[in-house]
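Both complexes shown next keep chain A, but they swap its partner, so chain B is in the first and chain C is in the second.
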Partner chain A sequence: MPPSLPKEGRGPSVPSRPTETHDAAGWIEEVLPTRLTAIRESERRVLARLAALGYGEDHCFAVRLAFEEALINAMKHGNRMDPSRQVRLAYRVSPERVEICVADEGAGFRPDCVPDPTVDENLQRPCGRGVMLMRSYMDEVIYSANGTEVHMVKYRANPVRGFPESGRRC
Partner chain B sequence: MVKDNIIHATDRNGVTVARICAEAILNEDQVRAFGQALLALADVPGRRVILNFLGVHHLTSLALGGLIRLHKRLAESGGELCLADIDPRIWEIFTITRLDRLFRIFDREEEAVAALLAEGRAGA
Partner chain C sequence: MKVRVRQEGACTIVSIQGSADVGASPALRDALLRAVDAGATRIVCDLSKTDFICSDALGVLITAYLKAHGRGGFVRLANPQKRLRKLLETTRLDHLFDVFPDVACALKDA
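For the complex of A and B:
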């Protein structure tokens, strides 16, 4: 399991830009403001680590998609786009796997209660596909009991759904 | 012709062809602009729209929501939304979410134009 991401106070402590710290186990932790534009900066740093380790384009696509969906969910559905709340991110990239942990300051939810967006009656609902995409593209997606924190893993040895590894590097 | 930062739309004999001018749609401005640009396409009742994904290499659930809203809005007014030139990775997102059952998807823009024009003639 990932390191438990501590919840910090709200208000003035919320950074305007992601802040980054490293620990001895190789986890890199960042605190993001609840703003979708903040996702891109962190995403670039994560993908740069995959590229440096020679991960293929398909794995980079999968990690990018799940990363974005997890952070969008945390900001939009967890923190309700409240700028006084923050999102805590931790990630660790090794030659064997990519681990991502995202925690929000919302009320939490029960991921198993999210309506199946693929059944006919839900097909025209504009929301509710983020969790499904995360589960489709990552090998492990584990939520904390209250649903405010998600831990995802993508193993390099496992192909990305629908894509035999192309061998091209990202 | 309608041109803004994220959608470039042209008319082809009564069929609107809209190209997405962004590799990915994520930040607030892009999501808002994309949603507004899509809904603007539905301003004309009965409009038939082909959304060309050429050059789009990444998509999130936020953009999928915008597409679904456009599809509904067009269908309600007797129009139609078709998608074309979808990157294989983006196509996979549509199949995973089963949205390939909701949207009418063509391999190429020209095929979509030809199909809609032929249907327009048949219905005339």
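For the complex of A and C:
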């Protein structure tokens, strides 16, 4: 089970840089400030774990994409770029799967009510593709009831949709 | 990510090298939309050396497309590699953008 990410209320302060803690079940937790430039630093750490375990380039691409989309959504749409709010991230990378949880401090949303960005009338919209991409590139995407937390899983044994795994490592 | 903008006849070639991720999309927005706002309407994005595009960067391409298209122009995509081709198919943006195997093909009839 992933750690319980959503915290009631806001913490006493928002860190200016991601802070990292580990637990016995292998989850690594980070608290990120609501700042898009903070995403890359955490992303590098996650991808380094995939690389260390020999995940292929297609899996790394898929996880990277879903990871970015989840954090962009949490900061932009969840926290509405409010610097007084934070994003909680937890991830666990094993030889069999990659698990990522992201929680924001926003009002929540109903993911099933997000307009389908792939229908013709929405193709010209510059935004609104994050949830669809997460669902397309990960094997499991589960939202909490109020939509403030998302839990995603990518299994190593499952090829990325549309790709036979190339075997090349990232 | 590096963005290089050059002129070839009436067309503007925008080469995107590396990862157009969330950290890089402001630079892409700056370079691409600056070209559009400066009057470029025939734009070819060379994706041959682009290894990643997040939805934010896709939004930049769409914004450029809308601006160029509104003035009778276009934004064409050239030579996206297999993961980006798949991403364009998944998002169905290959139905919005004309995608070409290389820049030379994208410049034909431009």
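Brief remarks on what is shown
Rule of thumb we're sticking to: the second predicted complex is superposed on the first by the 163 of 170 C-alpha atoms of A that agree within 3 Å, B and C clash if a C-alpha of one lies under 4 Å from a C-alpha of the other, contacts with A are read in each partner's own complex, and residues count from 1 in each chain.
The working rule: a contact is a pair of C-beta atoms (placed from the backbone, for glycine too) under 8 Å apart; a residue touches a chain by one contact, two chains touch by 3 or more.
Predicted, not measured: the structure shown is a model, and the values here were computed from it.
Once the complexes are laid over each other on chain A, chain B and chain C cannot both fit and instead clash. In the superposition on chain A, no contact is made by A:A48 with either chain B or chain C. In the overlay built on the shared chain, the residue A:A107 is in contact with neither chain B nor chain C.
Once chain A of one complex is fitted onto chain A of the other, the partner contacts of A:R40 extend to both chain B and chain C.
Comparing the two complexes, residues 36-37, 39-40, 58, 61, 64-65, 68-69, 72, 117-118, 123-127, 129-130, 132-133, 136, 161-163 of chain A contact chain B in one case and chain C in the other. On the chain B side of its complex with chain A, the touching residues are 26-29, 31, 58, 60-62, 64-66, 68-69, 71-72, 88-89, 92-93, 95-99, 101-102.
Contact residues on chain A toward chain B in their complex (touch as defined above): 35-37, 39-40, 58, 61, 64-65, 68-69, 72, 117-118, 123-127, 129-130, 132-133, 136, 161-163.
Put simply, chain A touches chain C in their complex at residues 36-37, 39-40, 43, 57-58, 61, 64-65, 68-69, 71-72, 117-118, 120, 123-127, 129-130, 132-133, 136-137, 161-163. By the touch criterion stated above, chain C contacts chain A in their complex at residues 21-23, 52, 54-56, 58-60, 62-63, 65-66, 82-83, 86-87, 89-93, 95-96.
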